[in-house]
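Here the chain labels run A, B, C and D in written order, and each chain numbers its own residues starting at 1.
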């Protein structure tokens, strides 16, 4: 059974900006989903900000293996309840990939626990993406470096927690660098951030970029069953302790209670 | 100049529970602050939930090098604005130490981006804390292991992100283990979680526990000036690019604008 | 095509010690290989110290996806040239799993760059292995904890570099703890250390232990082609620089030379 | 008492190459030591390849807090016994800093357990070093980026284990990037790699480079007593177990024996 990817697009620029609409007439999410669907191991659908609950209902997330997130102009319009739902799904084992300006999206900031800030410049300059972790599955089939002739610059320092692995680092024509492919784990969920994808350039039509995203979906996928309540903090009664013990000393809690939060 | 520590106590059990009040007549925060003040390199004060803004005003945080946080019954009573203020201070370079049940406190969960859950049992059982990182400054002056005769059990899996370093792992009489001393970095701030400290036992009177907390304050301290706005994401205009470049292609943004969030 | 695992056994105790021989009449390596071969996704063979080149020729390693290593009494008898060969294969992308007393094997120490020491006690005590990373592929199908009624104790501090992930932590009846499942990456190769497996106990007949090893083989496997020379440090001549540059200043090297080592 | 730094220089190019000798008439090691000695918190001396035991006797290492290593042409001339001695000192708590071409030095490769390879080009091109970890002590007093007008290029992929922290990333005029400031911990010792420093350019006269090295010495310093035998793997007899246990099952070892290696 193919891995079920869900590409979430903010879908704002595509409808309001002629430049973006020309590059992505069906939306960036549709372009990305098409690239994923060209891989027989993947099956991708889309959801957008404008749908009820942004298209991210409990039921939808339950049948999603890996979520891909692109947003920029409307981070603030994403409902907090949906953000929490997405984070719970990640903690329970859903993979998630954040693209480009999603560095400031609510779910990414929520999962990182850090500012996620950077410097930026929109000048259509050249970006060269270098592999830093040879043999990493997210880089499968890619050369040691590849270029995007026109991209927005993102510069260090990038305000994210130290990653599990640095997979890519970008060189920019204007003189900056950026750690552009980073992995983390949050709860049982794998998280990948990938830098390229400014909406006024045809980045998601690029074969190497598409390859990275396909690879990342496979990397982020967990075959394990979703953890039902990833926040549970169960009490282990004395009688159920792995080793026999006798209770001692004063207590605050009663048997079987839920604990304080 | 000594490092300025601020011990934040929820201060609820100490006032409402006779057992806790007997062990910590002035509150757990006062006991911890006294231990810190016995170290000539440290200078500690306290703040509690009941004070206006929980005693954590901007001014107070600005003169705090390292914040120590203990909470349990009233996590939900901590105002979100104060939590955000604390996180901003951490991202800007303030050190922070979370003790015991603060694993479920709002600022810890906010900084971790993860469930921070665990299993637990209140049976006054023996805990033995083992050093896993020899020579680590947080373990300075401590033996390879030490014991607390009566403690609450916390058990794995502990739902936190993979740490920068695992400094301590605990053994429990009832058969569980727990990674009880963990470090992370968030923004420019150092973060340490230390497990022991159930309120119905005299844990914070223990010399080894006091030593760990003193060490951790020194470890978490950053002499650098606090970053004024740790969330800033400045635009770098084309004219200010480190290497001369010529702007190309279509743009979404105007010069000098703030960027989207 | 199944993943090709090679189980390397020192094969000394099995031949010289009656207790070990009764538990593992065909050797520990054969027992482990049989467990792997029961999984349709895996195909395992064996090699031992006594074979020419310890059974680890270039040709053999070239057709090995994941190497499993068990050694104890005869670490010193392993030829340095074979150790280097194994490390090169790992750096080139071969997965490797070190079991129990292989913490002091030459290839493990070589890959870790650290003492790899620990404390130990051979008393047949109970070990309880706790999962610390929920949803990790190496723990697939396993409960949050499982027990081995008789095992040798290994205690912290364990002198290894901070791992990429801590997957398991062990509790011992005699009061110690140990990080018993750890992952690293070295070059393009995935490395896993798994603690259990003292030769005088039937540990490798245990279904949970077998499951961990099967899972670890799948986790460590890299489908990428083996890197031919993982130590290559190629010169990039000025004419081949990704961006056009003009050479400046004095030089130490001549064009096309190999560089110093 | 100031931190005792020992700057080890291969001291080959300085004596045989006129360009290098003009830039560093007393050797690169002397230049670096002078910069360290300008900091009142540091006290630096030097040692070279040509001295007996390369100037790195047990006694000398015992009174060294942090060792700085520069080598290039004569890595192979460093005696293996001295390499092992240096590694033991690091594992016991001595800090160590490897500069530039020391990426291929014996002690660095030994501590990393990885190929430590990279790509390179000697063209006197511009390098711009970006901070990636705000507030990191190794970057104290430095701007977010600084430049070296003429440097050798080192390019990714850099074959080292994932670091504890990435502190700096370099941009090169010719189009490459490199993770140029990385930290690790090995045993009780802190390890830092810093990229700049090709011998035909005046890099170690640069104020920012000197500042990085001074900061790194302070960061790497451990005030704890050196661990006498960082490789010890002591047996814990049954009678000395933290919890009372009764020995069970068959044994391989006798009481008090040293264990197998």
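Just so it is clear, a contact is a pair of C-beta atoms (placed from the backbone, for glycine too) under 8 Å apart; a residue touches a chain by one contact, two chains touch by 3 or more.
Just so it is clear, the model here is predicted, and its values are computed rather than measured.
K.L.:
Count of steps on the shortest touching-chain route from chain B to chain D?
P.N.:
So the least number of steps between the two chains is 1.
K.L.:
Going by the stated contact rule, which chains contact chain A and chain C alike?
P.N.:
Chains touching both chain A and chain C: B, D.
K.L.:
Taking each chain's centre as the mean of its C-alpha atoms, give the chain farthest from chain B.
P.N.:
C
K.L.:
Between chain A and chain D, what is the gap in Å from one C-alpha centre to the other?
P.N.:
Averaging C-alpha atoms per chain gives centres 36 Å apart.
K.L.:
For chain A versus chain B, what separation do you get between their C-alpha means, in angstrom?
P.N.:
Going by mean C-alpha positions, chain A sits 27 Å from chain B.
K.L.:
Find every residue in chain C that makes contact with two or more other chains and list them.
P.N.:
Expected reply: 128, 133-134, 155, 159, 162, 164-165, 171, 173, 175-176, 185, 187, 230, 242-243.
K.L.:
Treating touching as the only link between chains, describe the layout with one word: line, ring, star, complete or other.
P.N.:
If you draw each chain as a dot and join those that touch, every dot ends up joined to every other.
K.L.:
Can you tell me which positions in chain B touch chain A when the two form their complex?
P.N.:
The contact residues of chain B facing chain A are 13, 17, 19-20, 72-73, 75-76, 87, 91, 101, 104, 110-115, 117-125, 150, 153, 155, 159, 161-162, 164, 173-176, 184-187, 198-201, 230-238, 241-243, 245-253, 259-261.
K.L.:
Across the complex, what residues on chain A touch chain D?
P.N.:
128, 130-134, 144, 155-159, 162, 164-166, 169-172, 175-177, 179
K.L.:
Which residues of chain C touch chain A in their complex?
P.N.:
93, 128, 133-137, 140, 145, 147, 164-165, 171, 173, 185, 187-189, 222-224, 227, 230, 242-243
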